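Structures given as structure tokens follow.
After this come two complexes, each holding chain A, first together with chain B and then together with chain C.
Our next item is the complex of A and B:
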């Protein structure tokens, strides 16, 4: 018991932080809640470092403390801290400000459950914990758009969640255990394996916004505050991808699941970028772009069990994605939600303009930016697993991606009619922009620190 | 001293320094630009002085980068890359001198140009495939912003076309690189060259991917359509760099990657590549003949000249005679250098003409030789070089290419018709612009000023030196090409 708990220090610390933040919010002290949150996230990150080499599981194999969950903490906890700062910049001084901070950290706790889960029950717990907090955050502005978006999100989440639980019972029946590590027993029960796989694809695919479970994403992102949209597009998505990795690496490849996932990946990438191509609202554009990015993640998932590059590729691209997507959303907070708001933005604000170009080119996968390193590893993993056609589709989609992101870059350097209004950029937002830009621009050069 | 790394990153440092300066006026920006590119040129001369090794790479510099996947920072040179590196640093130096007249956001322009120089030298010097790809793509981004930011009327469309075309073009190379990596577990290009890792179908697929990438960059028919648009809309300096340096990425890659890493597949596909080369050379010449826009015309002659390089490389792949191979590759490599110098000069001169007259239409001019003798004679000399007149830079290169072709694949010699066509089109252009009836509209046109002289005269001198006595350059190229294993 004590041994098990000692491996869970980061998670326990985060849970206690959430409680403290709740108390602070009850005292109507949002800044205190924010401070608690930032300190708690920082300390949890630090506590993760000594556990990074661990490769074990606790509580009877239900929760894994391994490479994937370790890096999940290193990526998601600082990512949440940045999201907190963005939220502060957006909603400072508004009513119920602190409750958003609490929910952010609570959802992140759920995200860690997803990324470390070694058991079906824990998977369900993670899905529910991330879901409940997210619904509330999307509904936070209390206007029509937000309410509608949250309703859609909630209904869709409830349905997919129930389907997932239902499907998981097949696996439980087939394998005789709720542990993922026992899934090998499904080796020669392809139908049962398939039933459970479909369930997991629905439940986690909804979280990761894979096609065809992506409908909620553009509405939810657009209805929510931009910072919450950024958080949802990054933290819950990466957590769902890591959960995919935890589940599927134990499922025998012979059941044919990689083909199903590969098809979904191909459709997701292509649909995401095609839909993004016609958006005029930048938040919706980035929503569809993050749908497509989820498809790229699946290139690594497909290769699980057949390529040693699979896990590193998902981890590296996860880190890159968190940095560049948060950064792009942070720039939207400065510039505005409409594509027209970006006209002349690069000339009016040269430094933030360059940062945006870096984020977008990294999302496209232009070297030597961080996103490129992740994509190379993803392509390598897929090719090594024998999915050359999928890598080719991914590469063709990179061109589509360029067209999508240039739709933002090109107007940025056109002349703007009328006087540009230069509002002051809040300090927390500047911190976020600086940190994400540095990571996106330079981490590609120091990719050696990641596992491989 | 790691001179190679210095030459690669010195420009970038200059650009960063400029961005950090509080005062970024045009004077200071161009001062930094000329000083940095000049210094870089001197460093590459020092690299030249250190020399190459026959067979294998010299002056190798290596630092770990992503050890987990065998990617490292590896630089090195041989007789193929060194001339191109020196050519690059020279053209950037001269471009920096010429660009000193740019007043629209000069600091940003200079920073972009310096970034482009880092990417260009890095592309030629990289010995790690991933690093090569990084530099290769960064150059794309730099050129895109240069066209979009400082180009002419249609710059947005041309820039977008250039970016999407070449990005789509370069991604297959990434696939090929990943394929080679998975076969060896390293990105070390030296290992891939020493023992080509792929065989059979895999090698052929990798070759096709590479050929696609480099054909776009070269550019070869039928994927050349981005070139005229990009060239015509790019600012003068952009055109010079695009034609003088960036097209060489394609031909350099054709030798370094396609020929050296998948030699057997290249030998099998050689006839097809040769046919594309021949057709490109002819097509480029005939389409250039049809142009009335000077810049477009020169852009299409690039398709023609690069076609000769493709011919040379594929002839080398098809023949087994080592002497003939060396002759063909020597010609191809020298052709890259000559084209950089000659076409660089031509784009400078057209740019100078355009900045005076705001027109590139041949029909708008006439009898300019008496009005602007320096500009006129410089153009005539460069044009004669470009059409392959003996004693000027293109002649020794094209002579060797055709010599090898005639011995190995006699039918391909039909490409020589293109030389006649180029001669015709240049004579027509000279007659239309510089000879004949004097157009009084341009009576006040000034001749070259000092800055323009400084930019153009070194190129003219080199055109004559390489034409008359190419051996100082050819000996080094030859030593490498004879030892080339494939």
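Our next item is the complex of A and C:
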């Protein structure tokens, strides 16, 4: 017991942080809640470092302390801290400010459950924990758009979640255990394996916004505050992808899951970029772009068990994606939600403009930025796993990606009629922009620090 | 080490500075290419002294990024730095009245940095990264005047052609890394047998795209819509050289089948592109076709197993062709066009420029003692001594004759015609840049013997080759000067003028069928959607028919609103943005229509979307059910 708990220090610390933040919010001290949150996230990141080499599981194999869950903490905890700062910049001084901070940290706890879960129950717990907090955050502005978006998000979540739980009962019945590590028993029970697989694809596919479960994403991102949209588009998505990895690496390949995942990946990438091509609202554009990016993630998932590159590629692209997507959303907070707001933005604000170009080119996969490195690894993993056609589709889609992101870059350097208003940018936002821009621009050259 | 980093960092940082500061781009550019040139010379001096320098960055997990200095990489790097310096000097004059100079010099410098990274790369990931970057920056440079007619299309075409060939590079590199277990270039060159053959052919495809080899040669001629300094740097000495450089570097790995494939692709391109050049009616496009043809000769030399001959010709050609382009740019300034009728006689009013142009033309044809003479001899000798000499030697000879013929034709056009008064604005910079390159084009041949020593390579004996080459060059020149293309080429002429478009060319063979298939898919998708919605209605929503009707009206109204918005957006667009949109959307052409249609799927009505999700689930389950049966 004591041994098990010692492996859970980061999670336990985060849970206690959430409690402290709740107390602070009860006292109507949002700044205190923010401080608790930042310190708690920082400390649990630090506590993760000594556990990075561990490869074990605790509490009877239900929670895994391994490469994936370790890196999930290293990526998601700082990512959440950045999202906290963005939220502060957006809603400082507003009513119920502190509740968003609490929910952000609570959802992140759920995300860690997803990324480290080794058991079906924990998977469900993670889906529910991330879901409930997210609905509340989307509905936070309490206007029509937000309420509608949250409602849609909730209905989708309820449907997909219940289908997932239902399907998982088949796995439990077939394998005689809720542990993922026992899934090998499904080798000769194809129909039961299929039922559970479809269920997992729906439940996690909804979280990761894969096609055809992506419908909620653009509305939810557009209805929520921009910082919450940024958080949802990175933290819950990356957690869902990591959860995919935890589940599918134990499922026998003979059940045919790689082919289905590959098909979903191909459709998701293409659909996401095609739909992004015609958006005039930048938040919605980035929503579709993050659908497409989820498709790229699945290139690494397809290769699980057949290529040693699979896990590193998912981890590296996960880190890259968190940095560049958070950064892009942070720029939206400065410039505005509409594509027209970006006209002349690069000239009015040269430094932030360059940062935006870096984020967008990295999302496209232009070297030597961080996103390029992640994508190359993903392509490598897919090719090594024998999914050449999928890698080809991925590479071809990057042409579409260029068209999508240039739609933001090009107007940024056009002349704008009238004098641009140069509003003050809040300090927390500058910190976020600086950190994400540095990581996106430089980590591509130093991605060797990641596991190989 | 510092010098090695400086060859790359000087243009990189200066490019970023030019883009960010948006002032004094000329000064920044001149300083940085000067610095880059000195650094490259220092690196070359180190390589001559035998220093092995390596710069390692952590890069990817277990695949560090490397820059290495070997005699080969140092020589090519120096060539890139030299041509870049001369072209930037020239561009200061050429671009002097363009308001977008910061963007021009910024991207040009970023291109130079990426090219240096490609040349000096010691591992495949760096090659891939640099390859992508030069492709991207060349797209931006070709599309620099995006407001002009035909420019967005040209940039898009260049990007798509090279991009599709890049697939070969990606796959080839992954084969190499997968087989050798290392991303270091030197380590992967040890592989043999089938993997080496597969990787060789895949890399050849990538090289064919960048070096504009048949049948992917068309983009290069259209890329002439870009500014002339871009043509001089990218489309003669650097970007197009990437393919040949790639093959020269992997030459130790190549054998048998791969070599023959490379040699034949090169030989056929040398002849076909040579014929296109001869039939061309525009000076810059003639030079572009000639570039394809000359890179064909280089590939032929690699295929003949003598990569050093290809390297010598690469260096000679870089100086020669840049000179020719810079000269063409001066005539373009004088006459506002490079159409052959427009530039007729343009050389008479600028005798000095014509002399430089002429010297370079004779050098390219292979007249001693100019640089091209030595390198072309080496290629002919290699072709004669190769195992596939029966194929390669005639192709190489034909390529040489054609070179002489089209260069003579270009000179004749510039000479015969009316002289017109010309202005001297910006001529100082333009002549200075061109003068240095002309000197190199003329005298570089004498550096070839020490160069061979440095690279530790020996050329095959040249006796017969020298005589054959000289005869071929002279007969080509004479034919080109005295006989019109119509008489020379007869019935082949109109065909060559269309770029030997077989069955409608690339457009007819690939583009149109693809679009047709896409359209068919769209139609199918629409039927499917209708069927799906009908099915959902029958299954579940029949009871809610009244709500359905109301919500159909809402749906239609939403759609109309959307259409109205689109129309408003369309009419509000200025011509300025139209050019840019053309540039961007040209990338994906009709897919934009597919995107609009997909948006209809996303109607915002939750029951419809849930129904679609259920459909998706059904499809997934069906695929999973069918899989075990089929496998």
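Things to note:
In this section, the second predicted complex is superposed on the first by the 452 of 452 C-alpha atoms of A that agree within 3 Å, B and C clash if a C-alpha of one lies under 4 Å from a C-alpha of the other, contacts with A are read in each partner's own complex, and residues count from 1 in each chain.
Definition applied: a residue touches a chain if its C-beta (ideal position, glycine included) is under 8 Å from a C-beta of that chain, and two chains touch if they have at least 3 such contacts.
All of these numbers come straight from a predicted model, not from anything done at the bench.
With the C-alpha superposition on chain A as described, chain C and chain B clash in the combined arrangement. By the touch criterion defined above, A:274 reaches chain C but does not reach chain B. Once chain A of one complex is fitted onto chain A of the other, the partner contacts of A:367 extend to both chain B and chain C. Touch criterion met: A:406 reaches chain B and chain C at once.
Look at A:61: by the touch rule set out above, it reaches neither chain B nor chain C. Touch criterion met: A:212 reaches chain C, while chain B stays clear of it. Of the two partner chains placed around the shared chain by superposition, chain B and chain C are both touched by A:445. Touched residues of chain A, counted separately for chain B and chain C, are more numerous for C. In the superposition on chain A, A:256 makes contact with chain C only, not with chain B. Once the two complexes are laid over each other on the shared chain, residue contacts for A:336 go to neither chain B nor chain C.
In the superposition on chain A, the residues of chain A contacting both chain B and chain C are 312, 350, 366-368, 372-373, 376-377, 379-380, 383-384, 388, 391-392, 395-396, 399, 402-403, 406, 410, 413, 445, 447-448, 450-452.
Contact residues on chain A toward chain B in their complex (touch as defined above): 309, 312, 350, 361, 366-368, 372-373, 376-377, 379-380, 383-384, 388, 391-392, 395-396, 398-399, 402-403, 406, 410, 413, 445, 447-448, 450-452.
Touching chain C in their complex are the following residues of chain A: 151-152, 155-156, 159-160, 163, 190, 194, 197-198, 201-202, 211-213, 215, 218-219, 255-257, 259-260, 263-264, 271, 274-278, 280, 312, 316, 350, 354, 365-368, 372-373, 376-377, 379-380, 383-384, 388, 391-392, 395-396, 399-400, 402-403, 406-407, 410-411, 413-414, 445-452. Note for the complex: chain B touches chain A at residues 64-69, 108, 130, 133-134, 137-138, 140-141, 145, 148-149, 156, 160, 163-164, 167-168, 171-172, 174-175, 178-179, 181-182.
Looking at the complex, you find that chain C touches chain A at residues 20, 57-65, 103, 125, 128-130, 132-133, 136, 159-160, 163, 166-167, 170-171, 174, 177-178, 565, 569, 576-577, 580, 583-585, 587-588, 591-592, 594-596, 598-599, 602, 604, 606, 609-610, 612-613, 615-617, 620-621, 623-625, 627-628, 631.
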